[in-house]
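Okay, so chain A shows up in both of these, paired with chain B first and chain C after.
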Partner chain A sequence: MSNRFESLLERLAGLSVLDRIVISLAALLAAVLVGGVLVFVSGAFASCRSGLQLGGTTFCYNPMQVYYELFLGALGHPLEGGWSLTNYSLGRTLQQTTLLIFAGLSVAVAFRAGLLNIGTQGQLVVGGLATAVTVVYAASIVPGGFVGTVVLIPLGVLAGAVGGGLYGAIPGALKAYADANEVITTIMLNIIAAGITSTLLSWQFQDPDSSNPETRPVPEYAEIPNIPVIGFEEVNFSLLALAFAVVLMIGMAWLLARTSFGYELRTSGEQPGAAAYGGVDEKRMTVASMTLSGALGGIGGAFWVLMVHGQWLENVPSLGFDGIAVSVLAGNSPIGVGAAAFLFGVFQSGSQSISTATSVPKELVGVLTGLIILFVAMPEFFRLIGRRYVAPGTTEPVRTDGGDPAVDDGGDGDA
Partner chain B sequence: MRNPLYRMQEAFARRPLAAALGAAAALLLGLWLTPASWQTATLRLAVPIALAAIGGIFAEKSGVINIGIEGLLIVSAFSSIVVVNWLGDAGATLGLTNLWWGMLAGVLVSVLFALVFAIVCLEFEADQIIAGLAVWLISLGLAPFASQILFESPNTANVARFDNVTVPVLSEIPLVGYLLFDTEPQVYIMLVGAVAGWYLLSRTNFGRWVVASGENPKALDTAGIDVHRVRYAAVLLSGVFAGLGGAGFALGTLGTFSGAGDTAINGRGFIAIATYLLANYHPIGALIGSFLFAGLNSMQDMLQTAGYSVPTELIRTIPHMTVIVVLVLVGRTRLPDAAGDHYESGED
Partner chain C sequence: MTESDVETTDGTRSTEGVGRDAAGLSETGSDLAVHLDGITKRFPGVVANDDVDLRVERGTVHALLGENGAGKTTLMNVLYGLYEPEAGRVVVDGEERAFDSPRDAIDAGIGMIHQHFMLVDPMTIAENIALGNEPTKWFGMAIDRDRIRSEIRDLCDRYGFNVDPNAVVEDASVGVQQRVEILKALFRGADVLILDEPTAVLTPQEVEGLYDVLEELTDQGKTIIFITHKLEEATHAADAITVLRDGESVGTVDPGQTNREALAERMVGREVILEAESEPVETGEAVLSTRDVTVEDARGIEAVSGIDLDVHAGEVLGIAGVDGNGQSELIEAITGLRTPDEGTITYDGTDITAWSRRRRIENGMAYIPEDRQENGLVMPFDLVENGLLGSQRSPQFAAGGRIDWDGVRDHTEDIIETYDVRPPDANAAAQSFSGGNQQKFIVGREFERDPSLVVATHPTRGVDIGSTEFIHDRLLELRREGVAVLLVSSNLDEIRSLSDRLAVIYEGEFIDVTDPDDITEEDLGLRMAGQRPDEETHDGPDTGESQ
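Now for the complex of A and B:
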């Protein structure tokens, strides 16, 4: 399977940044179109009092309204009156963006090393529990107040990174030393993580004062603090957390592009043969990149605990799966992850607006996510369309010129 | 070489009669020693895993890794329940029982999704793993989405399930009669499907083409066979098998479909992939392998109903942990040479 990734990454590397952005935008547009058709058609099966009458069928859902709510509802309806920058919906969008940056980086780092880490979800679940438990126990030793904040938050994030990193190292080691396909092991480890954490919870860490499956809450001073005056007070979002995510994102971009570790990681993803020839220990690199990937997922879990809920809940949202979509849409580039995470933050937050303003199920967002991944996976589709409709003149000169790599490299990576 | 099923295959090749007698004796001993309720439950739980695995064998052998099988199980199980609920539990429509219409609908929807996957991979040269993940994630969103619209809940309504079909005389055979000849239709489909899959793959021209398309597409092309067409057929066939598995599981065992979280399919499609790797792409081996996971699954159900104070959530993951152990043991399974690669006729 490493051959396959080699060819895929070669193909991706052959694309210019502009190409990739165009393909991502085209994929987004295509997914929105298909999703719109789905919404419209499924409106015929829903029951409603008023809807569009067409040939005796009532179509209950209006895709335009759904997308209006999805995209603008997530920003707090800026086109309507009384809009302020720090409104609740935008806060919720940025909260999700922050978490998705961690999840997206986690998937992207592994992907750049030639590994498909579907296990970010499990790493996030394990890391989050490690954070909650560590902070709750450490809070009984550490003094409260400002000192508590300064000590407990870094400690909690570290605990999340260690928990997620160790859990990510497992599929890395299985891949490196037993050649077990990481796609399947990580999916299985996601299910196992849910089982293990829920067992640990009921065995040891359940909040005795609560009837819901959750840990004891961390003290309030151990939650990520909000910046006063600016706003976002009514939603569990902190600009400091977003800033940390952005710094981490830039740090990862720097790590991959400018350090020797990053160079070795990328080479083992793109050309494992060359990497091995250059003296990279392939097995250790596999374990190291999966550990790093898991640690990033674990940090996502830490922020989910310390920023959003102040405790670990058994019912963890599927941030890890959305992280796959974020990374795929971003072309696995750390900086691209920021933009893609904002888009999926809009999706997550907009799905809430959809369910308050319309009767369309918010599960639509899950379908859209899958569609985006599907369309990003087929750049050839957009190239064919592009060749046919956008620039019909380009095909002819290419042939006479003897081939233009920018247009023709779709198929030859596989030979 | 450490793979136990692979070893069994070798033993059969060397001394067919002795190996068959040994296997039969071991099987009968196992049947005599274990409770009947566990055996029947195992057989039923094996249905989605075995059929999805057999379908996956065809796709992967032809060179298309279909990791979206989980998604095919989800959509077929869901749509079969929807159709039965829509037509009504009892009775028949146009001379066919409503349950069988549900089965048919499940297979059709699964084939439709497999067709989309095949077009995306074969026409548009998509990365097979990413496209397969997309099929899974789309299904994971689509089933609860549609369920919310139709049932206003991520879970569907309850529908009737298949009744046992008893074969006279044969069902009286001690030890195996009640198990194999007094059971639900989807179990017969699984058993027949495994044999048919084996016959198709190893005894027909189509089977040879599938294998060649995965190992050496250029040779197949040179021999005048359209590689794309063979791959299309193989992927669609994986849709048929997965559809039978998903719909059979829903209409025979579940009687409802829960779309929350990992859905009622809960990773069985991925377990199926581990199963055919364990079986080294042998359809009969995949059937036997599926009994391993289904057996663990039904054992855990029995422990739970027997009221042992085991941590449920942890026990529930035993089949998934076993998948990892299995993958470690069979890590060295050789994939078909051209698996995952796009093939373009006329390339150098």
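Now for the complex of A and C:
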């Protein structure tokens, strides 16, 4: 039994990209089937006026309709008449995609450096507040209009990156110089971030005209504009922001694959001993990668402020935590983060469509999306485990002497 | 072998043997325990075994000799049911077999002792031996421990093993653990034992003990196939030697009718000079000097106590010593992986004690690390990525922080070709190569760094003789070019033949520094055990001048 499991791990570890895509699609299909049965059966326990009568039982929910709403509803029902590209649902899907790309990248970069950054949420919260405060104050000096847009938005994004980056550097430094586990410190720093920002808000930055806990709104010209060409009027989404996220994503992939820094980061993540041997300053690399990770989270916060709300609110959605799931689903690859973020965006927006179109409860929709994530992420998850604990073995075609690949040939015992 | 050998195995098998001879499967009339006939095993891009024949007579030790990557282990994995051959027959005890898994092979009486033991450390020896084959009592409700113990005692008595079945494996020495592996195979009823590089992990005394065990086993009718790349072992322990080269069998020889040179030539395919010749070279300025270097190990215990050494340009300074006497800590302090607690390290006339590891690399310090899988290679990376390790900030490959992967690939392929890394696949992950080939790649990468100082720890550990010869030649070539070499090796032949001066380290101090030609192997052994030289023989631990 354990042998079979091990050989399965080995095979997973040796999969090609195409294999992995096929497996992901098959897993998606399986999750939809299992979820469909679940929805259908649940329908028997709900009360409704009309439903499918079967052997004296009324099945209230139609799984086909639920999945139709989940996937196509998230795109604004493109197969029905009167569809426009700039509809609310698609806008909301892409808005979430954009924000989740930043959060996902943040987690993925740390992961590649061998660090489990659970603190993206906190970095995003701090970065967002830094953005809102910086832009609100800078707006009083900078002229308005087009100049204001061009100056304030980059300034705001930069402020978010710096805020999030510094906040990410803290657990990095604690790890490097005090050997404090980053999982624990980042979780604690998430709570501290909520506390600090809330205190700062009530102390200084609260909007005096509002009874809600929020900062003063940034001027309208400092919000990320819904240009060019297509404007999403009904929802706060900007194609420009999505384009920036995609460029950042490609930039991160390039950084990891093609630069000295990226090489050192990956080497540290894969094998710290070899990194030290190769001349990487491990402590500095830990701080640097956590800072980069935090900066990416902070940029997520900046876009949440400048694109979605135009101000910082105390009630920050759990984008940072979703980022962890996005990154795992993407196998910690920056490009994969784009696809995974889009899937999560579809879920967010599709869930809303389901609740408007059907009577399926929100919780059940959560189960469906959870199943999909579980099914799609599991092979990837085991592949990562496989890569860590078993060398791609008997299926790997490269060995000629067939020796146990991960072990040494040993020393000269005849010395 | 003769019929009398057949008698020594149990009755049923000898009658089987008779039937087999009648069936004419053993054409020579001798009693073959294993007959591999025309085995061909391909992996995409390489033929690991090409029409290999192997005839192993019952009750003998049969050595399978070949270099790293010659196909020895692949052939045995075919016999053990791990690989399915594309062509050829596996005949065990005269019956043609097709093994789907090691389980089938075990049932057919074949046992394999892997190079790295598959034991559960916290469990007792008896539990490990019985694991997976526990006899039960009360209708399978409980394990019959008494029977396990008595069966193990019987086995130990029969083969003269001195093993305490109640001892915990992690407390046992490596030699004992190996015996446990052999007992495990015997417990499962193995008649043919395959040992994969069995001496690689043993001390010289344990190797002698292993030879005794092998003799006892064959005396009792068991058959041994043992995989090795070391000539001494093959000639010393085996009754017959089959040599593999590049996946092909190049014949079976009687060790009594051959010599090491002829065997080496057969194995490598050309003439091999077994001892590297190191002709005198004009030495230059001291490239590396340490003064009063003291290093504490991870537990805060002083591992290196005030070592002074000088390595001059064009000189090999060898450090001999039993592992764990401070060599590792000293080398790590010199290469920048560890900060010395006291003392100074000077390199090319500059005090580098506070330099980072990167700065030392950039200034021409090449380093072949002791642990290649922990430090020398990033195991999941392919060879191209590993070819960059240490040079990831160098202007040659990463000007302005951007990596020139095409340049790195060319460089990597050069290393693979020059240092004969097999299989020659730059895109394969480092972990998929055998240890010897990993080592060749590291040596190549470090030697081709254009160094002014090479720090080499066990540079040929696990490497086959053909490549060892090449590595030694290249090392001496670097020395001729004026490179300073600091060599640490536990292989006394290697360190004696390569070194211009030889320092013996014991408990963190140099016991003696001498010309390797002026010291006998016995004296060297005594120094390594901590005996200081007499006043009249050599100068003290100071290493001021060479020769």
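Quick notes
Simple rule for what comes next: the second predicted complex is superposed on the first by the 290 of 415 C-alpha atoms of A that agree within 3 Å, B and C clash if a C-alpha of one lies under 4 Å from a C-alpha of the other, contacts with A are read in each partner's own complex, and residues count from 1 in each chain.
Throughout what follows, contacts are C-beta pairs under 8 Å (C-beta built on N, C-alpha and C of every residue); 3 or more make two chains touch, one makes a residue touch a chain.
This structure is a prediction, so every number in the text was calculated from the model and none was measured.
With both structures placed on the common chain, the touch criterion links A:Gln271 to chain C but leaves chain B unconnected. Judged by the touch definition given at the top, the superposed model places A:Thr185 against chain B, while chain C stays out of reach. When the two structures are aligned on the shared chain, A:Trp203 is found in touch with chain B, with no touch to chain C. Counting residues of chain A touched by each partner, chain B versus chain C, the larger count belongs to B.
Contacts of A:Lys283 after superposition on the shared chain: neither chain B nor chain C is touched. Contact with chain C, but none with chain B, is seen for A:Tyr263 once the two complexes are overlaid on the shared chain.
On chain A, the patch touched by chain B and the patch touched by chain C overlap at residues 410-412, 414-415.
Those residues of chain A whose C-beta lies close enough to touch chain C in the complex are 258-261, 263-264, 267, 270-271, 273-281, 387, 391-392, 394, 396-415. Here chain A touches chain B in the complex through residues 1, 3-4, 7-8, 42, 45-46, 116, 118, 174, 178-181, 183-185, 187-189, 191-192, 194-196, 198-199, 202-203, 321, 324-325, 328, 361, 363-371, 373-374, 376-378, 380-381, 384, 410-412, 414-415, going by the rule given at the top.
Chain C contributes residues 43-46, 48, 68-74, 77, 82-83, 114-116, 196-197, 199-204, 206-207, 230, 232-233, 247, 337, 356-358, 360-362, 367, 369, 371-381, 385, 388-390, 392-393, 398, 401-403, 405, 422-423, 425, 428-429, 431-436, 439, 458, 460-463, 489-494 to its touches with chain A in the complex.
Those residues of chain B whose C-beta lies close enough to touch chain A in the complex are 67, 120, 123-131, 133-142, 144-146, 148-150, 154, 262, 266-267, 270, 273-274, 277, 311, 313-314, 316-317, 320-321, 323-324, 327-328, 331-332, 335, 339-344, 347-348.
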